[in-house]
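Same chain, two partners: chain A is paired with chain B first, then with chain C.
Presenting the complex of A and B:
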């Protein structure tokens, strides 16, 4: 076996006994940066919180995050964070307010339960991107895996490339703008929200139907393309919930009788 | 049983949680100067894009996700400005720290965060010294 093994930490993150803030950042006025190569997930998150909440430095660059998992979660502060590298799974979850750039890729469930803010991923993202997201903008310039925006309750997910199977599964609210192709089962069991697809759709999921285009759709697409420098918008198809499964009151009479 | 208690219905009323009604629920002039773009991240309304004017108990209302309750609006809302006014009333409620979810933070936040949320610059940090509550007279069972 040739080559150096670069990852030396416990990738499962089960044991991180060092609960002290490393305080390794280079601080330059209102901005700070630190190299995360030798830090564990816990140390990276402690360093971030120390900078943001104690020193009130609201412009932070994290170099070499090394695809570690659960980085940058629970940041409830207006700030700018730049990750120079890739993140592992469940990165940037539960955030409320930050404006974040990731120059590399991210693993599954990025921005899970995101409340507000802006996250821009410059390359690809794994499955479950924006799971249970509630608000804000999540922009992935590359492609995403399966079940993007599963249980999405708000916010806008923009995908520059393709999206996998069961995209927008059980989506409840919000918007998805996908510039590439989408796999089978788009919008399966969705309750509400809008999905815009510029490429081909392998197949629609249960109760996902083509929607009527309105001026509000044009305004949304043009605004998001302008903000994120995506160029001239292509033609999109819009998909919404058919609402055939919308109410439990729609039970068959025999089923109702059983319930009563 | 004269103690005040919450009414029993599906929706929770922000006034009941806070124990009072707020002036900006009754006077549109108190929310007109709320700058929604400045208060939200990014270059547009961001999370407020999903906030719209709703109805609760037959009254105009906006949903406060930070206390899981409806904040009612009692003044007449000009036509065509329904969602804008709903967003402004909500943001006024949040930045003034009147949301019940915000009021609980000082005592119950388990990790550091701005007390007034991400909308108010320089808001005090709370949650730095949380310790689990201890029930007086309670002892850990043997073997635990």
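Presenting the complex of A and C:
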């Protein structure tokens, strides 16, 4: 690693307080690629923004991201980005519009607060996948950790493998399609949304109940499988909110006292 | 926050000192207060004792050095008195020491007798375990204790962001499982029934050198193993008996294990191959020793995994 690119730390141990755009990309017409091996998180993000926003190159390949954290956050642009390798924690958060492929795995909290676009992860993802996601499709071909889609407010999360504990915890809207098994507490305290599980469910969380299957469910599943080349859909169970928790009681606390 | 890391070589020894330094340094941002290592070298007939006679941030009064020297001599004298044949006592830093002795007596009696010397804390005791911990980041601690080149089969390490106890060596991880030789633990999380377990274990005669909840886990596991449990059994039992959120790693002379609580609230990324198993709070720590594209997984809630060398 050259001296100029070594990671520096501020007083709190946080990396790279003052980085410049490295401008190391190979640009070939409307496409660009760069090797992130020697770059810090901040340099990678600066390079991406320089390509997307200043040069208007909307097809970018990032090689060897090296599981670094917070890569590719806040991209508010319709574009294509391919990460050849793995991302660390908090990758691809707050994005709105891009189509992204990650050939490796991702750490915790990928696509947190994603607004729209498509993200395809070819291997596993950590916990909190798609946390507070609002729109778009997030496809993980491998397995995911705990609390997938916690506080999910929209969009679709598709998991090719298994999912851990408290999947869809406090889910508020949107859909989850899980092809493998799911850990305990599925859909705990969910407000709304649909969860489809092909494998076994260790246990349901509070106020999560089995839902009635409709033609719209079949249409949704078949369409998503077709779009992402997932083959023939297996049989799924559908889970929804039972709407029995206190938050569905429309009386205010003061009104409850009057009733009682 | 804190960061934990572990590595075990199943096909022979390696420079686990340097490997663990690289892993911990990659997670410096998770805990800049202190860094610690539990390193397992080749088992020896000698007992290795790592101890300190003061803390890194103790005030240096006028007779600090003379007092430490008096206490070091007292430790050596007590080693002789208790029947240990002293091979050597080396000063590692101003206040930390490494002794090798021949001793086949009661380890608890040995540890208690040494810790009766003012300021003395036995950091580790065993035939292959050596715990090194101090303030600062991993590179600083490694440089201070010359850990580069430490040859061994497995190791665990910790970078600490102090939250519930002081920033000092006693509060740093790993924790040796007093008074059991060759058992140590690193932990990321909080135990909510810490005081209950501390009282129970103290009433069984165990001592605790810190106010840190993590110290409980080491002694808890070692006591279960002393009662006949395997490491894996003891770790499974801990999932039921220890409350809170935690991911911890435990090491013995020939095994390394990891356990995650039922909420899976603390991260762990795992890489496993025929020759090496490496795990850490963040994948970048694993990549610090395996600098290539690797397939990693996250263990699930309530999972216990143990590997032997």
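Here is the rule we use: the second predicted complex is superposed on the first by the 231 of 260 C-alpha atoms of A that agree within 3 Å, B and C clash if a C-alpha of one lies under 4 Å from a C-alpha of the other, contacts with A are read in each partner's own complex, and residues count from 1 in each chain.
Simple rule for what comes next: a contact is a pair of C-beta atoms (placed from the backbone, for glycine too) under 8 Å apart; a residue touches a chain by one contact, two chains touch by 3 or more.
Since the structure is predicted, the reported quantities are computational estimates derived from the model, not experimental observations.
Of the two partner chains placed by superposition, only chain B is touched by A:74; chain C is not. In the superposed model, A:176 makes contact with neither chain B nor chain C. When both complexes are overlaid on chain A, the residue A:85 reaches chain C alone and has no touch with chain B. Of the two partner chains placed around the shared chain by superposition, neither chain B nor chain C is touched by A:167.
When both complexes are overlaid on chain A, the residue A:41 reaches neither chain B nor chain C.
Applying the stated contact rule after C-alpha superposition, one finds that A:116 touches chain B and leaves chain C untouched.
Residue ranges of chain B in contact with chain A, taken from their complex: 40-44, 46-50, 65, 111-114, 117-119, 121-122, 125, 128. Residues of chain A touching chain B in their complex: 49, 53-54, 56, 74, 76-78, 96-99, 115-118, 134-137, 154-156, 173-174, 223, 227. Contact residues on chain A toward chain C in their complex (touch as defined above): 9, 12-15, 66-69, 85-86, 88-89, 104-105, 107-108, 123-124, 126-127, 143, 145-147, 162, 164-166, 183-184. Those residues of chain C whose C-beta lies close enough to touch chain A in the complex are 28-29, 32, 137, 262-265, 267, 269, 282-284, 287, 293-298, 300-301.
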